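Take a look at these structures.
Presented sequentially are two complexes of chain A, the first with chain B as partner and the second with chain C.
So, the complex of A and B:
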């Protein structure tokens, strides 16, 4: 029997986006990352080659965070005190992008300042040749206060700035436009809200070739099924030709996975939860893999071991099957 | 293949006698096509039409079930490629593997903790579904005693693994009256294996790295009378297996291709390390496996996989919910505080487990929030001061407490002012944002 394998041939394709710029391109990065370009569902090599592989970013902070799992503090150790060294360490353990999440306050509880944030970013750029993404603390006013000067100070580097949400995207988008950067647009798990936000951003004159989309996700056990399905739907819409969904997707897996009780707490939890460290890494890894297989192009992770595992899995997934 | 209303109409008596309580046969056929009525409502269909209609209503992926004394693991009956299109129905069974070259003690040592394993996730108890026994010795006697060793620990369903029919027979001898899964038929042994499966009334796996050959063998086995089949596209790397599992699912569902209309089995047990094993198993869960065989029993990996399975197989239209109302935790007294949360299961259990673990007594008011998390419900207008106040009254919590202290989740601290207006005689407090911090809060702040 020779079965005719049905092949989906889609009218649409995901945009291709390059993050970071080398010296020739007007930046200082020693490597850049290109994502997107998919013409079919993830890893369906028999229908169309996957032009770019999904990539792994490591999330770091501008100072040692107060609320990260003790396990992460132990793994990263002293470098957490210095974002440049942290970025360098992240590069050494396999990051392809550095995703900096700015803190709301300094370690004494005072509001973070533009000077401090810019100097953290400069420190990172000096210590790593990787492309970077910079996300604000997630409060409109202070996001703008910190992101704009960073954007100005890194003109031409093709940094990904974020996070643009419906309540706060104008300032970040305008600044990305002025300085040749990119942005991440985040909507809360809803296809139409994602599309709407992308339209608004495009209306400001920023080409969608400079926009990554974060449909928001939940960790394993805490809403991953919603993230999984919304990503699947967005990617299907993109392939069906809906231009407003044809953007590579970037999700903050580490942030979600490490805020779960499973990853944060090691004592007084059920014995059936097993080993704390291995559980946490598995939590982060499986959340990442499940989302990569539904269409994530960039996953931000926190633990080096998860990075290793996820990258190995991606390596295996991008290999074209011998029988395809 | 599902028939259209017109095709069904052609098979009906076309007398419009109205005994089915529809005005015409066509009207009845239309309802039948959308599965809103049962064929039995028409007393006049011919036997021939009945069998044609029954065949057409068969699911695109056959339901296959493994049975043992008191247990059943089902796979198949899926109707969509993507869970958002409807839902995934039958969660893949997770089986832990042992071999017949392990001693009886080794088998028991490995399986006892697996058998006792029970983990609670949002009020649902999750466990291992069964065990796979592989003959690496190819010796019927050894295999038989391995099956006996497994049965001395567990009554759960079993997968018997060996390509040699003699060995499988020896294993089956121990499993009288059960339907274990037999692994596997291939080009060379399908007839003998088919015979065994038929006699034992047990489902049979068809294994080949090539899906063309799988389809050929399933057709032959079907003609031979073996209907309960499971497919093993025997490529173990992530990429090839993702491709083949997807192709099989698409052929079954989109093309109604019967030779591959069976559940699929995955073998992460062959992965080179426990880490890659859990990744392979996760892929199998999200991408279409019906049965999954694992090598490693480790609580942390198993917990993650069981939760992933639970999440992926949740009906997208219905969040898992708990009943709104008042829940008493650690025997609260009238002077103890009232904590407010929503009726989304994940939310409720995060909070309830923390409070319970803290040993501090509290009244938990679970508000009707359409099964949404705190922030989702708040953003959707299903969890505001008005609603909370209404539930406070509806559940008459004021009659149970004297202190009238009510604690809001930290994430919705913005509601505190309005809630004070709604409930003027209550002391409204804002709790921590995350439930993990509740024990400390209950001890210190209240």
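So, the complex of A and C:
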């Protein structure tokens, strides 16, 4: 007996966006990454094949961070002292994009400077051929101070600059416009707020073909249901034809997963929690895969083992099942 | 270059100008004053002039109807002279009157076919009572009732102890010739007559018989003194609700009333310190005694009515938000403490729910939403925005807390719409200088609700504020600066203001305004969605509330407060609550309709699900996250973007 699988078709589709530029395209990258283009919900191959698979970025910092889990420090070791080498190591363990998160201060506690940030970015570009995303430390004034010179110094590379938020987007967007970069637009877990920010960015003249959105999420056990649902609703709106939501989504999974107590704390926890390292990696992996299943196009991770597992999961999900 | 002759009517000599001169420039050289509040951008329509012969090239005819254009009207700032023309420049006042139609509350019309003797439940009757004798020892009250039964077929009359106490004296002192005031209290179960007063002597049937309609607003209390015989309103008085000193909105009043049992004080503030003083003023104006008023019909939101009656209000504020009573029985003035005849009837109109009170049922009645075939949106904007959607067949209603921003509170330089308030703002998109209209033409003190709407809309249209309400900083303009509360736009410099301090609007103010307008618009959206009626298909929007009288529809649409419908679909009705109380006071059949309206309205509690929140977030944007809901605004914004270049 044959089974008819019901198929949905949608009027809208997600924009296709390419990150990074090769020499012919005016940059220096040896590879670029293209995401988006979905015409249906994730992995519904029988309705419409997914044109580009979700990709894994590795998050690195411009200096060895003070507040990362000891497990991450042990894994990455010495390369954390040099962002260029760190990026190179990340590429070796399977990163498809390098996501640099700039520090608020230098290791002595002084405010980070534009010179230091630009030199970190140049170092990364020299050591890896992958496309890069650069996010500021998350304080409007300092973000702008650091991101603009980086944007100027990397003109033509199609770097993703971040993070644009509703209270602080103008400077970064203007700089992306001037230097042919992309931006990430982050709104706090609300469909309307995401749309509003995309409208504001578009109003400044930046084509939405150069905007990724980060709807913000929580880690497993820390509000992931809410993040999942917002992303799902954004994607449904996109497929239903709402132009302001038809953007690929990039989420900072590593940042969320590694700040949970389960990942941070290794001693004095109940025995039933199991092995610390395994637990932390599982936490990051499950958070990432859940969000990929609701439409994330780019997940930024921190641990190499998570990268391996998530990439393997994507591989399985993207494979068109034989029964179809 | 070619020269053309321009004839201005009222000026004998024509002037000569070159091709390409605008009509305003030509007028200026001729010494004719044409005002341009928007700075010659063709946006405000205040520079209308009439071409009586010849032609001009019109760069834009925004705001003019096809009829206007056919009659020769043109915007002087947008008219380019390319040949000889004759021009008539109307007086400014007339222009404003033509543009700003329907802003002024209409004179109160007595309802058609009103007959005080038939429709009024308060009756006055002259009685000749036969004195008692040794043969007929019927008691005084029995004698009086006997006459009423025989001559007027009225039986089973209630009388209070106070009246019984004075009955005998009045009868004897007036030699058994008296007149009585009765409330026959008609309802579906028949007549329930009650004696209000008994007075010596006879009185002519044409003498006024007094009643009052009262609207207890959160901010303002209005009293209409009415002659129940002719139905005419003889005096209209209004004053701030003195409870205002105990909180600007209903919630803070409820909190105050519940604290230390302050409800007695709250009742005193509205009865003794507000209503009774208003009654005194109205009585003085008509030279009558307040004891000659025999009935008061009262409208107001549920909280105001509860506070008036000293009924606890805590349950109104707390989930699940219920009132003690929606349909209130009749009381006497003595029970409540309202200074009319002690036996006078107090009729509080029925409400629907905690936040949809008698002011709304009365508003629906007076705006006739319940009688129209048209799908109608009725709104009463004050501190709370109450909204009714429906027609003669169905009515749904909801209430959303807009906060006091539109009443001038919650905004640093906000104020009520009184003398010195900026009520209209136009901002030039070249210089970003504002052009203001101030109530009373004095130095400005602050900005009132309509001024805030107009200001926000202008800031948005000229590009000083983005769609999220952020003020753009780092602009080469003095008026935009970093202030105590973040970026701000200076509307009036200290040297030009009444207080000597700068008048400015900042991001916090704008956020408050956005929240207020988003709450109201979200109310519209949710209500419309619940009943499956798209907002675009609403045929008319009726706006009640004193605030509504001053809103500029265009500006309110541009900030996304009102739905994007044609301007002529909006009608301002003034205080619909007091109008409803007045109509109910006059005619018992109308009063029954209010009860019917109250029972027919389906109340939708917005906090029951997350639809309102979603709609609210979506409306927290200029004009709205879904731009397709505001096509006219998109056009206006794009037109302006062409003129402005801030990036």
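The rule is simple: the second predicted complex is superposed on the first by the 321 of 324 C-alpha atoms of A that agree within 3 Å, B and C clash if a C-alpha of one lies under 4 Å from a C-alpha of the other, contacts with A are read in each partner's own complex, and residues count from 1 in each chain.
The working rule: a residue touches a chain if its C-beta (ideal position, glycine included) is under 8 Å from a C-beta of that chain, and two chains touch if they have at least 3 such contacts.
Keep in mind the model is a prediction, meaning the values are calculated, not measured.
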item: When chain B and chain C are modelled together on chain A, clash or fit; value: fit
item: Chain B versus chain C as contact partner of A:135, first or second or both or neither; value: neither
item: Partner chain in contact with A:52 - chain B first, chain C second, else both or neither; value: neither
item: Partner chain(s) touched by A:76 [first = chain B, second = chain C, both, neither]; value: neither
item: Partner, of chain C and chain B, that touches more residues belonging to chain A; value: B
item: Which of chain B and chain C A:258 touches, first, second, both or neither; value: neither
item: Partner chain in contact with A:2 - chain B first, chain C second, else both or neither; value: first
item: Contacts of A:86 with chain B and chain C, given as first, second, both or neither; value: neither
item: Chain B and chain C, minimum CA distance [Å, superposed model]; value: 8
item: Contact residues common to both interfaces of chain A (with chain B and with chain C); value: none
item: Chain C-facing residues of chain A, complex; value: 166-167, 170, 174, 190-193, 195-197, 199-200, 203-205, 244
item: In the complex, chain A residues that touch chain B; value: 1-3, 5-6, 41, 43-46, 188, 220-225, 228-229, 232-233, 236, 259, 261-262, 264-265, 268, 270-276, 278-279, 282-283, 285-286, 289-290, 293-294, 309, 312-313, 316-324
item: Residues of chain C touching chain A in the complex; value: 466-468, 470, 472, 614, 617-618, 620-621, 625, 627, 647
item: For the chain B and chain A complex, residues of the former touching the latter; value: 82-84, 117-121, 209-213, 215-216, 219, 235, 237-240, 242-243, 246-247, 250-251, 254-255, 257, 259-260, 275-276, 278-279, 282-283, 286-287, 298-305, 307-308, 311-312, 314, 316, 346, 350, 357, 373, 379, 434-436
